[in-house]
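Chain lettering (A, B, C and D) follows the sequence in which the chains are written, and residue indices restart at 1 in each chain.
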């Protein structure tokens, strides 16, 4: 058994070295395909992080008339209260001062000539309501029920806007995911082919092995190890690239305040490790399965 | 040791390579297989090795019906049979020593056995100097001797030799035939296909003659 | 010569068919790599289109005091006029009414509770100035020269914002471009390897050809054609994908008003054809060069 | 036609395959090359073909110093030389007919010539029935005959044959030798390496004997 182990390691190493260009090509392809797949997964995580945040945020806003009466406001508040925890998850009252701060800090941080024009008094106070259901129609029904209340100036739904952004990111995510999967399939095909070509080039060797009484496993194992090693090497490089990309992206987001809406896209390193592990697993599996399939052809005794 | 019962082999449904061949070879026998080119000698040997399966008939090797052998048992059958192939079948990327050692590694022989056996057998066939050469760096006759060494090295029960002297000069041929004779004397059954009239006539062993796939002669102390 | 042509076509076809899996793998890799490269080029075109438009747009805005005097405004206007066509390309006066329309239509189309608060009177009139030079520092100097003029309320520069967006798209463009180039290199490596493996598997054939007196070209041409055919097939698929992607993107942009800022990213079909042709050229070159390099090894007589 | 002037060939700086060999073979001669395994016979033939280059000495073929031949002229040299290789060197993916036709296509012979020549030569070597078989479907002797047919087919000036009867039974061998003799009678120079004592002794042609790379005998009507 000790001898056999020796033999297997020696053969695998020799084969990897002998087909160096081919090994490099396979590893690179796996690398690129898994890196893309990783980015796709990362993006998916990012989008789900970001939408989580939005979903936690305001789903619709009830603006009140500046000249509402206290009883009108109490009535609205009790209407809201009654539906917690039914249709409404939670709600929050935003005073005129808070609204002003939001307006000048969040919306127009760099354009005082606009915010200068606005004073807390002219901005309406509002209720920010988070419904339990995110289904657009149900939110619509709920929102409409407040529309005709006295003291309510207007109800606006963020739902539609969020849906649009979600759809946009969905599309991007799908594009990246599909590209990643196509590349992964290409990678699988390539590993399979690398191993098959390697076996084709060595088909006489395999034939001779069989004729001097080698068992199938004795022949197969070095080839499978070879494929697995290629898969893992590619996956390791891919994981590294994904990790690096996430770091760079996070740092870039942090240093730049243009796209701070994307801040929530950054994925924490725990999740990145998870993705890296997944990639390694896929790489190893692709390598082993590819070589097994390729080898199978030459092995019907 | 080897028994064929009306064995027929047809290639591609039209080439009758072996037709109703029956014979019985005892343990320790030395048999020459002769016949014109294309008469089925290599086919005969390939069937014993289970490289090919017969279309009809039964083949027994060491008492076992090899037609009934399950797939995964085939390697173990082959470990009892040493084969010298007409086209040598050496591994092109391994040196002479590695080629011979390989036959031992495959059957799980420990390292120290490999280390002593390989140089010994190479000396026997006169190739100790070419130990570290690759097959393509050898002359035709040298390659043939490597293939002989590989077939011998694990002391098989049966030795199948397909024209082992086809590429050898008369002097070397005589040396190889002495070696085969010695191996045979230790109890190994030898079946050898050959065209070499001189060798057959000198050795005077059992001769089976094939012609267009049929056994036309089976003589105990025959000539070519 | 007629025979030779026959021979070459026959051999090439036979080889492509014989190594079907390998051919498919190469073609797919070239396809994916060129598709990515194409997308990178498309994005570059898109970004340059988009920035062209922005660069045509407003570079800085001079907001005037609502209570400016006519002479103050005339002075400002003559200052502007004097620098046309020197530092300033052109400028435009935006009245309060126009500013209001822009405010309510462009900035807050769905939120009347904000626009309701604003009347034309409280929005300042402004000059929108397009400088000839886009260099940030020069624009800064120019902008500052208006800052202390009487009658000027505030000067804001769009420059910085645009630079930021440009930088953001630059980063995206670079990522896609680098991914495309890595994949293209992988593709080249793979074509090279496919051909090399094909030749390795047929090295005895080549050896025999040489021994019966075949010239190098006689041996080489079928292999080179094989590589070129693979390259072109991959490139054709890649071009198709790029064309399709652009169409789908353009249609999606048109149907959706979320990301209408991206409208200008759509690339017209003439430019897409240019890219497609470029891709075909690259594919063919990669195939031919790859096989020539691979073949060279086996051909030193 | 062929002239060697003190030609030496050393493999890997240590194996002296040919040592100061000189000889002169006239147009139309028939020469046997004999000697023990590894004595340099195949090397001798490979040098004439420019498969290998000598380390010392000059080789003239058809009056030209082939050491001075530019790289791109080599194919044209080889078109004048038919070679029968010890290991056949058939193209494994082409049928018997395609293998033979290939030698004609390579030198640009028109289609109708290929179509008539190929079946004719295959009949000559007795393989008309195996025309559409692949090499691995042939017996050893049949493969050897394909390689002979391929070497003949374009009527070369010189024919180099490396053990063309190594895998053939005596009867077929005689047939092949008759064929070689006939070819030789049409003016083709034939150089043939062989181990077959019977053939050499029957034909009584010029014999060059090699031993460890040296020409030890050059006899006009020699025996083995």
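Rule of thumb we're sticking to: contacts are C-beta pairs under 8 Å (C-beta built on N, C-alpha and C of every residue); 3 or more make two chains touch, one makes a residue touch a chain.
Model, not experiment: these values are computed from the prediction.
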Minimum number of chain-to-chain contact steps, chain B to chain C: 2
Any chain in contact with chain B as well as chain D: none
Centroid-based (C-alpha) most distant chain relative to chain C: B
Distance from chain C to chain A - Cα centre to Cα centre, in angstrom: 25
Whole-Å separation of chain centres (CA-atom averages), chain A against chain D: 68
Whole-Å gap between the CA centroids of chain A and chain B: 63
Chain C-touching residues of chain D, taken from the complex the two chains share: 49-51, 71-72, 74-79, 83, 85, 89-93, 102-103, 105-111, 150
Contact set on chain B toward chain D in their complex: 11-12, 15, 34-38, 41-42, 86-87, 137-142, 145, 162-163, 166-173, 195, 197-198, 224
Footprint of chain D on chain C - complex, ascending: 3-4, 6-7, 18, 204-205, 207-216, 218, 300-301
